Amino acid sequence: MNNFERFDLVKIITTFFVLLLTGFIVALLLLVVTHPAPGAIVQALMTEEIQFAIYLSLLTSITSTFLCIIVGVPAAYALARYDFWGKTLVNMIVDIPLALPPLVAGVGLLLFFGTTAFGDFLESIGLVFVFTPLGIIIAQFFVNLPFMLRIMRSTFEGINPRYEYVAQTLGCTPIQAICQVVLPMSVNGFFAGAVITWAKGIGEFGAALILAGATRMKTETLPISLFLNMSCGELEMAISAATILIAISVVSLYIFEKYGGSAKF
Amino acid sequence: MNNFERFDLVKIITTFFVLLLTGFIVALLLLVVTHPAPGAIVQALMTEEIQFAIYLSLLTSITSTFLCIIVGVPAAYALARYDFWGKTLVNMIVDIPLALPPLVAGVGLLLFFGTTAFGDFLESIGLVFVFTPLGIIIAQFFVNLPFMLRIMRSTFEGINPRYEYVAQTLGCTPIQAICQVVLPMSVNGFFAGAVITWAKGIGEFGAALILAGATRMKTETLPISLFLNMSCGELEMAISAATILIAISVVSLYIFEKYGGSAKF
Amino acid sequence: TSNAADTDVQTPAVTGASEKSLVVYCGAGLREPMEKIADAFKEKEGILIKYTYGGSAQLLSQIELLQEGDVYMPGARAYIESAAKKGFIDDSRDVVYHVLAIATKKGNPKDIRTLKDLTKEGVKVGIGEPEGNAVGKASKSVLTKNGLWEDIQDNIAVRSGTVNELLVYLNMDQVDAVIIWEDLLDTEKMDVVDIPVEEGFVKVVPVGKLTFSEQPDDAMKFVEFVASDDGKALYRECGFETYPSDKYENL
Amino acid sequence: MIQINNLSKDLGEFKLRDISLEVKEGEYLVIIGPTGAGKTILLETLAGIYPPDKGSITFDGNDITALPPRERNISMVYQDFMLFPHMNVEKNIGFGLKNKKASPDEIKKRVDEITKIFGINHLLHRYPCTLSGGEKQRAAICRAVLMDPVMLLLDEPLSALDSQTRDKLRIELKKFHGMFKTTIIHITHNYEEVFSLADRVALMNAGEILQVGSPDDLFERPASEFIARFVGIENIYGGTCVEDGTFSVQVSGVTIECDSSCIHKKDANPKLCIRSENITISKEPVAEKGLNTLPCEILDITDKGSFVKITADVGFILNSVMMKRSFLSEGLKSGDRAYACFESGSVHIFG
Amino acid sequence: MIQINNLSKDLGEFKLRDISLEVKEGEYLVIIGPTGAGKTILLETLAGIYPPDKGSITFDGNDITALPPRERNISMVYQDFMLFPHMNVEKNIGFGLKNKKASPDEIKKRVDEITKIFGINHLLHRYPCTLSGGEKQRAAICRAVLMDPVMLLLDEPLSALDSQTRDKLRIELKKFHGMFKTTIIHITHNYEEVFSLADRVALMNAGEILQVGSPDDLFERPASEFIARFVGIENIYGGTCVEDGTFSVQVSGVTIECDSSCIHKKDANPKLCIRSENITISKEPVAEKGLNTLPCEILDITDKGSFVKITADVGFILNSVMMKRSFLSEGLKSGDRAYACFESGSVHIFG
């Protein structure tokens, strides 16, 4: 039985690593969730501050996800379907925010909206991004767009363009073919992309911190609330925010893996 | 020419989104890179603080990438090759750090190493994670492991286990078959995974901030340096750190896309 | 749990036209009394106060970046002075004293009696970030004045962004002692080691009106209110020594 | 009648070159050719997916080169079905009518009719992923046919099916074409489909059409050596004519009688080919007019189940395919001496 | 000699059930069976990849059931080659010897030898991705053969190749087996490979071995209706015996003479089958001893290029396959009356 014992050894060792890791992650999450005294989370949830943070987090993350969809879906379609000069480079550039530290993205956005003529112009028409919730939205948008884009790109790449051709011979215009055939067929990828973009948006901290600042009750999303409450020594409040964030991430990840776990992103 | 004009419309609109996005990203990066006065970056680079930050960033990110490899590669192998009870759940759990806001990960790590008996034990044998560079390493490890894991998992899944069977009939033990055949075959995925893990490690901020603190010249990596200098009004120094980080991300992303752009992660 | 160095914080581009409000940059260490003052002020004048808390230097860089807001109240007079020099402050009042003290874990297990004891081997000390907040700057001055700055370096486990975080670290057992403002001490959770006045370092905490304020009158009203007897009374409730005081007269 | 005139399209790595082709109304045209020949691209250009760079497509004299696909009334069915996975069979089949703004009642009626003809009426509420290959293919054909197209383009419609279903559907296609006389262009790699369906066959290679004709034209009388090899002719030789105006050629010194149509000049060097299936190996010589009977040595016999392939040396190497039964009854084996017989009409000379 | 006794393996969704099989030294055994039958898993179990749950494998009497793959000295070649892409051909082929700690010189010498035999000596420094399918397959076989295996397992070794290369490599395989007399088990879906290579064939389905025998045994005398259908027999009927001890059966009232070996009891209901290739359709009746000559009506004629398939009604439906040439010479067409002839020996009765 030499062979099979030895084979099992590989299995045992590698599976051990998996379980170790799983245990570590579960332990961390449980530690956070069980840390506050029972009831303290509920109490924290009742405070105006946490309620504001939840409200602002939802508002900004939903808006930024929406923006990511509006920009990401057409862009992903173009990247999946058309060849144009410099496409490889463009493909790389649109992925940059993925590798860029969020803080750096924040600095870039701050300079873009705070110091350029274009930023001044936006300000003059009432679109102020620096130190406002609008800034949080744009920060989330910028940092998380590559998720939406990559997932949709690989979803569209997975859809044979011949579905569109067939739809066109059956009386569709190219745009109708996209709306009636391609989009319904990419609904899973779309859903997975939207969920992960939303979850990452809710958790976005670095870029939002720099661009929108950490102002209590103004630009205080859940992660900023966690950070602010840590700085002010309000551990219970901080951990309450963390607990909510954990719940959101776990649920989102579940949905993501269910609908698009195999999507590239 | 009705049709082709209309078709072009889709192409024009969607390509416009791509170019808009590309322009926006390039503009941001250029703004950051060109912001300091010429020579200011060189000057900043000569300061002991930035040099320390570069050194610490390299040290921690390389170490944490190494850790991610050690844990991630065997775990990915197990997840790719074996079926075991609860695998779907485990697969989801090991991906959680991907969706978890880094700040929350930081809080979890802080509780784990700071308040548990296990943490005390580690401390007693000299492994102190709270407020130390060791903490930065573990924070980077925790947050970025899923990248390594997902890329290697999909790489291994792409390698037919029959290569291993053939190697075994040709005289290899199972472990030799992995080392001589599977690992050399996954070198591209491995490289892509290591590079992106490293790049994300260098940029890691939230979790490190919470676990290791932002202590100048002690736990000051490049993103922490950016943050500290931003908060003390040393914009030139902050932007120097940002410039270095941009260079690192762009180069890493280039390597990543070249070797594993198509890998799922 | 926790740590978090340097609170960042930036500010409000004042909103809420329906309701009058002021944006106040405030040293994080002053949070407790300032919340009370905001309530009292709201009641009295009907003006909402929006605070941005953070380390004093950090707040200053935000003010510089943003060029907006109404009132600045850092943890020490030096910051107001440098702000005034840059032309951001046109009027200020002194309010209270910040007095440094050492806090140790309950029961003082490392037996810390003096500043010098902080340099004993194996003592983990938390201080404020010397370039970021008032408490850090003051701590550094005290330690330097007593010739301990070099010796203590190896014992410093963390330099925090705000003074409040030091309390969290102490409570979480991550440090043995911290140098903080006396007014923040909670004697139920920790032991206090006073730093003798002659060794010590007492800071006067001022409040100043920012030149960019678009409601200079309201801003000035708030500054006056903080420095008024009513304001100072609220400070005293929270354990502060108010300005002027005989105790620190000669400083 | 569809007329394609000098159609060219440059797609970067691939070019359609100067395609001219006429498809009569009601005709069943089959296109064959190696992979990458551009067969699919030609159909897609006909359907209007790719705008051609040059040339024109006319339908009954009207130029339709510039019309968008939806206005051409040409339907297309692909090898991999391309049923929309998010619609059930009924919605899939009715998709075209719905785009034409037909009323739901009419759509229902017409879908019902057509699916009854193809025997998939009971599947209307199923989703494509739950169908078998043959059912998918039928649904795809129904969807294309419901538009009453002036031309139906079928791109390897049977390739993805197992051989039994393929046979069944081929027969159905033939029946359908008999019933409705729709003009059909059908791409395939399968020669059975050519013989049982095609009125005419076109052979494409590298973006060009090389030969158009009846199945027998291509398979028995290929226009070039390339085509001969492509249609599976193994016996291809270079010959010489020793005398002017005779019906015979010499290959490696052996004289072969050709058909009366193959008159050659002396010293010409024609290439010729003979299908293996047209060659019989027998023990005894068969003397008959118009029959070449060459003495040979049997080199190799490959048992292919029902058939045997015999390699024989008649001075040059000749391959023959025979029914196993007929060959075995001769009792020949490798190394034996025998006779290779083939009609002079089986010798085809090209080039 | 390899003996497999009652081998069982449960893999969750799939089970190998009680496989017993003997492979003689130097034998060439071919395994056929539908997809998912477990052919590959059986080979892998022989190679030692899956430990069996039950049963044993002995080699020349020694139990090798528990040995790990590397100690069995059984080599395997897969359909998709499985050449290690990061090693050049030389390293790939020498991989096994290197694991055996052979000296570099010896490895070089042996690799040289074997690659010369297979004609890929000039490819040693190339990487697998640069090779053609046939070259890859040759390299894979060299790699397996270099270990001097006691048994060589070939899992569809020719399936991934185009038909010309497949023919060439099949001949090479036959030659190689003739030269070295290695015991070979070969899986295939291609019947030509069965006929040209196999000493014996085994048919698997659903994890079981259903029949083992010579190619003719399986193809002419299948043991069950399932096997008959699998080997492509279309004419399968239920018959009745009207008289005790005769050599004839009735199908739909038509009497068919069988072989002398097919004696039946009265009122038995045997199933019988006749290969289409064994049936000839002719205009005139052929009276010969041992020949069934049934009058029939021709229902359908399908042109398959070189062959035609004729469907005829003799009281029941009968399919015949003939060379197109022979059939055409009869001048028959659909609807004509003719005669279907087949030898009594072609009628096979099972179960």
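First chain written, first letter: the chains are A, B, C, D and E, and each begins at residue 1.
As a working rule, a contact is a pair of C-beta atoms (placed from the backbone, for glycine too) under 8 Å apart; a residue touches a chain by one contact, two chains touch by 3 or more.
Since this is a predicted model, take the numbers as computed values, not measurements.
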Contact steps required, at the very least, to link subunit B with subunit E come to 1
Maximum number of contact pairs occurs between chains A-B
Taking each chain's centre as the mean of its CA atoms, subunit B sits from subunit D at a distance in Å of 55
Whole-angstrom distance, CA centroid of subunit A to CA centroid of subunit D, is 53
In whole angstrom, the CA-centroid distance of subunit A from subunit B equals 16
Contacts with two or more other chains occur in subunit C at residues 1-4, 7-8, 54, 65, 161
Flagged in subunit A as touching 2+ other chains are 6-7, 35, 173, 210, 227, 230, 238-239
Flagged in subunit D as touching 2+ other chains are 48, 68-70
The residues of subunit E that touch subunit B in their complex are 44, 47-49, 68-70, 72, 74-76, 78, 80, 82, 84-86, 95-96, 99-100, 143-144, 147
Seen from subunit E, its contact residues with subunit D in the complex are 191-192, 194-196, 215, 219, 275-278, 302-307, 321-326
Contacts from subunit B onto subunit E in the complex sit at residues 160, 162-163, 165-173, 176, 181, 184-185, 187
Counting only contacts in the complex, subunit A reaches subunit B at residues 6-7, 9-11, 13-15, 17-22, 25-29, 31-32, 35, 71, 74-75, 77-79, 81-82, 84, 90-105, 107-109, 111-112, 115-116, 142, 145, 173-175, 178, 196, 199-200, 202-206, 210, 222-223, 226-227, 230, 238-239, 242, 245-246, 249-250, 252-254, 256-257, 261-265
Note: in the complex, subunit B contacts subunit C through residues 107, 110-111, 114-115, 130-131, 209-211, 213-216, 218, 224, 227-228, 230-233
